[in-house]
Amino acid sequence: MLDKSKQIIEAALLAAGKPLLLDHMLELFEESERPDRKVLRELLAEIGRDYEGRGIELLEVGSGFRIQVRAEYAPWVSRLWAERPSRYSRALMETLALVAYRQPITRGEIEEVRGVAVSTNIIKSLTERDWIRVVGHRDVPGKPALYATTRHFLDYFSLKNLNELPTLSEIRDLDSINRELELREPGVDEQTETDEERADEQEDVRTENRTNN
Amino acid sequence: MQGDFTLTESATAHAEQQEMPFAIVQGEPLATPPKDLYIPPDALEVILDAFEGPLDLLLYLIKRQNLDILEIPVAEITQQYVHYIEMMGEMQWELAAEYLVMAAMLAEIKSRMLLPRSMDEEGEEGDPRAELIRRLQEYERYKQAAEDIDALPQLGRDTFQTVADVEDKQCERPEPQVSLQELLLAFKDVLSRADMFTKHRIERESLSVREKMSYILQHISADHFIEFSELFDLSEGRQGVVVSFLAILELIKGALLELVQNEDFGPIHIKAR
Amino acid sequence: MLDKSKQIIEAALLAAGKPLLLDHMLELFEESERPDRKVLRELLAEIGRDYEGRGIELLEVGSGFRIQVRAEYAPWVSRLWAERPSRYSRALMETLALVAYRQPITRGEIEEVRGVAVSTNIIKSLTERDWIRVVGHRDVPGKPALYATTRHFLDYFSLKNLNELPTLSEIRDLDSINRELELREPGVDEQTETDEERADEQEDVRTENRTNN
């Protein structure tokens, strides 16, 4: 019976075409045959182990568990589709990052950090992709909409929750900045050409990696 | 000059190699590149696309010189910055507004840097660069975060959801379940909203009359008459008969029944209207 | 390498969403790494054997190979697409309540009490559910239909007759706690707020779907 439950769960996850919540998986069973949640979790762990060394993996994302192709096999599998996935503009990604890390956030607040206007098109594409949505309105004149990310955003970027977002770099404390500024002459110290060249190279590499990933 | 100090070899080499004008802006050849700065000629045209705003451009200039944000040499960066926006400003004035604001801010900082650093009355030491540094850092971290998010495995790019086939998916559509309680609450809601709560009292009695009204309506037709007495079931007892009678009266009042009596004390016939 | 090819093929078959021809599978590989057709067939046979005793199977159909859920597991897996039991809209519940307590009643009379139009879909749903039916027509211009509850309505709510419907004085005692505690249906409980909201929004659409089926 347990083995049958496992087969049912695996088949369901493979066929669902979207992530499945534990509750949803449990609902596939008649009450009499339904595994309890703990058992279900164990079965899922087993399925995950079965996939070690294989082209697919079991992952928990925002809206549940899904079986997906491992990133290292993507170069081959993606050849199934003639179209290359679109790349998103920096403006769009920066807006998305601000919503992700600072939610709930208004458009005005995004513009404040980015120093430029956020185009309506960007908000529209992010909303249409179902990555962000309006979750309320700030109680200030004009009642600007507050944006937050959706579960679908988590799913898309293979995240279980917002805690799994890459860590935000630290803002250095202004006091220590001021102290440093006191000690140092503003200007350029002993930087060398080599340093700079290296910096340039690194930047290029980073850009390339980004497009290859 | 600090400017000379940071002149990079590659930029110099590049400038020297070029016999031709460094760039053509609005038809005017630009013979010498701004100091410390190399702008690829085609970059000039897409400069507004290349940078995500004034903060992004400033960050670029700082990185270009391998400087820490915390050590912005304001004078020099301002000079470069102004060169940049001069070139783009002529092309796209309306788009350059945000850049001009930043230029003004830089100019202000620069002028304040020239004055001796002073404590104000509250003893707060004001580095004119502090606010700019804060904004640059703030922007830089989200710029980096955007790259980090972009590098996450993306569905359809780095990973793909499996979709095994299922033959004849049977879609059941379970009917919504309703409890009696829910029905009552709905009734209460609608009545209180209609402000009828206090005016209408529906008692046991009238409900059974109403049920009988429904029953009678289901058992008569407009096509033919039936006998009045057929509508009474004596097994329901005296109360049942009274209820049926009240139901008939209600229906007549509502003009739902037609009663015909051909002669005094003759049989009464009923049909639906 | 062979094992890697096998993983690539399995991942591609699982992700494709349609049957894949041998040629199509071969095109996923760079020329240098491409297995020959005979090897590919062997790998496919191996994948098929891996699935023995599992919830899925590899099948060759007219337009190629595909991985599908085994027929014997379909009853569980296809529950994925069964709709969750939804909830009726407030408008429908109020309409039903008015028919129950004030029968026989016309649509116009219901609208008068509710202060808003009663949609045809609501009347249709209630009629299809066999909870209400037309018992006559009022003799006024337009001859509007008179609705009353059915025998089936009484059965559903385990009532012997309409007398057993609670009276208004009993209703008065119901407070918001009842609403909270007793209105929650088993099965609806675990739905998230968002699901429920969505369910409400979709009500009309669903009603329409149902009538189309």
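A few points about this structure:
For clarity, chains are labelled A, B and C in written order, and residue numbers in each chain start from 1.
The rule is short, and it goes like this: a residue touches a chain if its C-beta (ideal position, glycine included) is under 8 Å from a C-beta of that chain, and two chains touch if they have at least 3 such contacts.
All values reported here derive from a predicted model rather than from experimental measurement.
The most distant chain from subunit B, with centres taken as the mean of CA atoms, is C.
At the centre of the protein atoms shown, by the Cα-centroid criterion, sits B. We define each chain's centre as the mean of its Cα atoms; on that basis subunit B and subunit C are separated by 27 Å. Note on chain placement: the centre of subunit A and the centre of subunit C lie 30 Å apart, centres being C-alpha means.
Inter-chain spacing, taken between the CA centroids of subunit A and subunit B, is 19 Å. In subunit B, 160-166 are the positions where the chain touches two or more neighbouring chains simultaneously. Under the contact definition stated at the top, the residues of subunit A that touch 2 or more other chains are 11, 14-15, 17, 56, 67, 69-70, 77. Put simply, subunit A touches subunit B in their complex at residues 11, 13-15, 17-18, 56, 66-71, 74, 77-78, 85, 88, 90-91, 93-94, 96-98, 100-101, 113-117, 155-159, 165-166, 168-172, 174, 177-178, 180-181, 184, 186-189, 191, 193, 195-197, 199, 203, 206, 209-210, 213.
Taken in their complex, subunit B has these residues touching subunit A: 2, 5-6, 8-10, 52-56, 63, 65-67, 70-74, 76, 98, 102, 113, 125, 127, 129-130, 133-135, 137-166.
Contact residues on subunit A toward subunit C in their complex (touch as defined above): 7-8, 10-12, 14-17, 20, 23-24, 27-29, 53-56, 67, 69-70, 73, 76-77, 79-80. Within the complex formed with subunit C, the residues of subunit B that make contact are 160-191, 193-194, 196-197, 200-204, 207-208, 210-211, 213-214, 217-218, 220, 254-256, 272-273.
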